[in-house]
Amino acid sequence: MAVQDDFRNQLETFPNQFPHRDYVIEIVCPEFTSVCPKTGQPDFGTLRITYTPDEKCVELKSLKLYLQRFRNEGIFYEHVTNRILDDLVAVLSPRSLQLVADFSPRGGITTRVTVQYREAR
Amino acid sequence: MAVQDDFRNQLETFPNQFPHRDYVIEIVCPEFTSVCPKTGQPDFGTLRITYTPDEKCVELKSLKLYLQRFRNEGIFYEHVTNRILDDLVAVLSPRSLQLVADFSPRGGITTRVTVQYREAR
Amino acid sequence: MAVQDDFRNQLETFPNQFPHRDYVIEIVCPEFTSVCPKTGQPDFGTLRITYTPDEKCVELKSLKLYLQRFRNEGIFYEHVTNRILDDLVAVLSPRSLQLVADFSPRGGITTRVTVQYREAR
Amino acid sequence: MAVQDDFRNQLETFPNQFPHRDYVIEIVCPEFTSVCPKTGQPDFGTLRITYTPDEKCVELKSLKLYLQRFRNEGIFYEHVTNRILDDLVAVLSPRSLQLVADFSPRGGITTRVTVQYREAR
Amino acid sequence: MAVQDDFRNQLETFPNQFPHRDYVIEIVCPEFTSVCPKTGQPDFGTLRITYTPDEKCVELKSLKLYLQRFRNEGIFYEHVTNRILDDLVAVLSPRSLQLVADFSPRGGITTRVTVQYREAR
Amino acid sequence: MAVQDDFRNQLETFPNQFPHRDYVIEIVCPEFTSVCPKTGQPDFGTLRITYTPDEKCVELKSLKLYLQRFRNEGIFYEHVTNRILDDLVAVLSPRSLQLVADFSPRGGITTRVTVQYREAR
Amino acid sequence: MAVQDDFRNQLETFPNQFPHRDYVIEIVCPEFTSVCPKTGQPDFGTLRITYTPDEKCVELKSLKLYLQRFRNEGIFYEHVTNRILDDLVAVLSPRSLQLVADFSPRGGITTRVTVQYREAR
Amino acid sequence: MAVQDDFRNQLETFPNQFPHRDYVIEIVCPEFTSVCPKTGQPDFGTLRITYTPDEKCVELKSLKLYLQRFRNEGIFYEHVTNRILDDLVAVLSPRSLQLVADFSPRGGITTRVTVQYREAR
Amino acid sequence: MAVQDDFRNQLETFPNQFPHRDYVIEIVCPEFTSVCPKTGQPDFGTLRITYTPDEKCVELKSLKLYLQRFRNEGIFYEHVTNRILDDLVAVLSPRSLQLVADFSPRGGITTRVTVQYREAR
Amino acid sequence: MAVQDDFRNQLETFPNQFPHRDYVIEIVCPEFTSVCPKTGQPDFGTLRITYTPDEKCVELKSLKLYLQRFRNEGIFYEHVTNRILDDLVAVLSPRSLQLVADFSPRGGITTRVTVQYREAR
């Protein structure tokens, strides 16, 4: 958990100057890479983030550096997808956020994980 | 704000001769460019504007010149999209207006921002 | 207005021999050209007309000649689209009619105007 | 009208052996040709017939010969489409029938006519 | 009818080991051929069978041999489609079954026949 | 049945660290192969698994090894699809799971089998 | 022969104002139709004419009317292609001329005929 | 001829600053329109100009205005293509120049004219 | 010229560690923009550079910054393409280098300039 | 150099049992990643290796592990491509070998490096 918070600290935000309006930001990151916790082999994937900001937007260069922190991290597809969602939600407090992660074939098998967050009202 | 109004003044309109009818105007501008406020590097994007006019239509050459004013302006994707929406709404008082902005990849990351306005009744 | 009526007179109709039936006629005209009232430069576009006739159908050769009358006419995209709709509605009294006009890029900007008419009941 | 009946006589049917079941027959005829009643020039089109038979199906070779009868017939697009619908409905008494006719460009203008019949209940 | 039963006898089934579950089996047969009863010429088509089994599944090799029996059979498109549906329904007693048959052009005319069966409840 | 349990034992799971959230995992396995029980010939197919985990996720390498166990197994398409669904449901107790299996052409015939499971509430 | 000359008379030419230059004119006619001399059935095809003019160019409207004369003419594919080549060569005296004719499928069979003329030196 | 020179005067050039190098400039003009000298109807086409400059390059805005002069000019496809080639060669004295003109269908007939110039050595 | 050298100074190189081998580097820059010297309006284009290095390779970030220097520079398409070629050749002394520049439509006209350099032997 | 040899040692080979025959092996590696020596940011690319073996073939798992060694290595595109070619040539002594490396866009710029080796005779 301590390690997880450390990753999260990489994420920077800037104030949303238009919080009175619901609008949608979609971000595609085709160069995500982490390491399989079982085999130690690198994994590759494409992340698609879609969110409606509240008071904060994620700064894109910090998002790039945050995602690079997973480069040598051993973690399952299912967990890394949920963890990135949790980090983005913790830092942005968005109105809603969806994360779709497509991972490259391993042993001939391809995987997609889809996770969603919606602000409690 | 003073600067923002100055940009907005570039926009010209002409009277909508058919205000008794709801109809739809879609405008695609694939040559939008501004500057990243963080890195000073140029950004590139495609804007898609869809609106139903009320009393005024935007004159297209003035729209081109208005968008060119952002050429050397440092501004975040999220804010420039909202700001253009605000300027168009202020100048046109349209019945509705949507703006979808697709920005070119930076650091391997691609972004789309979607903003909508609908006239209060 | 006098001029407008003059254009409209070019349109010929023939009696719809099947007025007891609602059916749909779609016409695509990819060779429309008029003149920009601001710059004096020629504009080019594709018109798509979709209508349900009542007592009259538009004769296609007369439609071609009617559209050619705009060849040297200075008129905004938004207005020419509405004006053609008005002329077709005046001459045909159709049950419904839609006109979608796609104009070629000017200064990097592409425009589509969509107008609809539906018979009052 | 006498002439029209004469055309219609070309259409042959065979008994639908499965009238207890609603099913759909789609027929595409890309080689339809008739003559423009205004210019005397040949027109070319593709007909798409979709119907649910009741007691009778149209025999395809007779359909081909029936359509060939329009080869030297002067008739508007809108009327020939409706007339073929009427002939098929008269001969087949189908449960429903749709006819979509796409005609080749003339003077740069392309036309589609869509007609539908549904059995009264 | 005796002949028809004879064809049907070619179809073999095996017990569905999962009858407690509704699931869907789709089968595509692009190599169907029969003979036109009017001209004696060969016809070619693609059959698409979609069904939910009840107690029995059709064995695919027997299906292939069954369909080959139509190779020298003179039969209309509309009837062969319905007859295959009837045979499959008689042998399988499925919960539902759809058959879509696409036939190659003859005299410039292409035909599709769509037939559906749903178990009475 | 004893044999079937033996296959199922190959499947390994890891704890879902995010069970408080409904999310979706899609897995595509384009290299499935088994043997036709009738002809002894190899069959090839693509499996698409979509599920919402509860307390457990399937470990992908064990899934690969599990699917490889069918390599020399004589089994009908319809049954192998249902059996894999049953094994995954038994081992994972997912909230929901769908399996779509597309099999390569045999004798010119292509087959797809679709099976679904939803947790009783 | 008398009849053939009569067809040829339909072709009009205009003086080539640039005879000092070798250049290429390509003409595509997708609406050619004649009648099969064996079955009496209409044939459909696309003609592609490519020529280098000498003193004369073919006037396109007269070419269209010339080709329409074959509408009800019974003639084999191979013969009509050669005859059109002969007529064009006789009327134009071109430096070279090629004619490629693609005919629609009949009984599942498609045909292309290619004919060439080159001026003797 | 006097008129032709007048058109040609519209073309402006600027000095090629790199005449020591052979290089290629390709220009595509999809909005060319003139008038048929036979029917008085407008024609539409796409011009593709490819040239290697010597001492002069054509200024593109003047090229656009030059081509617009044909808007209401009655002239055959074959002649307008050669005439534009002659005008460009006269004004630019290029090392080589090719012009390919594709005209829209008229009466179902499409035409392409290809003309080439190469500097005498 | 003084200004041109200044631009050129932005280009950085690194030593080619494999000069004993002829190999090919292709670089695509879809975000080039400069200003029209005639109208003052921005131009947009895609540059494709293909070269075989000798002793030096161009560093890509410096190339990006070099190209950005043209952002507010008034220069013709034909000249900017040649000038970039000259700058790259001066700085890299490559064995060969080709530059293809595709510019966006202006007034309906699209332009491509192709320039090549080959080392004298 | 010491480090380079160390990487190369990761590559394993197996004897080519068919050295009497010239044949071609193509290997595509879409998951190559290294680090930019200038910015420290990760780079991503696809490698395409095509070779004709002599006495040895490269073992694919060892190739994968060899390529993974570059994961945290700072090296220019041009050099890493040449270095991998050198390593493969040193270990395999192939008759010929080509390596094409496509790198993802950075700052809007995409790069491909193509290197070839051919055995001296």
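Note that the chains take the letters A, B, C, D, E, F, G, H, I and J in the order they are written out, and that residue 1 is the start of every chain.
Everything that follows uses one rule, which is that a contact is a pair of C-beta atoms (placed from the backbone, for glycine too) under 8 Å apart; a residue touches a chain by one contact, two chains touch by 3 or more.
Keep in mind the model is a prediction, meaning the values are calculated, not measured.
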item: Chain at maximum distance from subunit C, centres defined as averaged CA atoms; value: J
item: For subunit E paired with subunit H, centre-to-centre distance based on mean C-alpha positions, whole Å; value: 61
item: Whole-Å gap separating subunit A and subunit B, where each centre is the average of the chain's CA atoms; value: 29
item: Distance from the mean Cα position of subunit G to that of subunit A, given in whole angstrom; value: 65
item: Centroid distance [mean C-alpha coordinates] between subunit G and subunit B, Å; value: 55
item: Set of subunit D residues in contact with two or more other chains; value: 30-31, 41, 44, 104, 106-108
item: Chains grouped in pairs wherever the two touch, ordered by label; value: A-B, A-F, A-J, B-C, B-I, B-J, C-D, C-H, C-I, D-E, D-G, D-H, E-F, E-G, G-H, H-I, I-J
item: Residues of subunit D defined as touching subunit G within the complex; value: 30-31, 33, 41-42, 44, 68, 71-72, 104
item: Complex contacts: residues of subunit G adjacent to subunit E; value: 41, 44, 104-108
item: Residues of subunit F touching subunit A in the complex; value: 14, 16-18, 21, 23-31, 53, 57, 59-61, 63-64
item: Residue ranges of subunit A in contact with subunit F within the complex; value: 38-39, 76-79, 81-82, 106-116
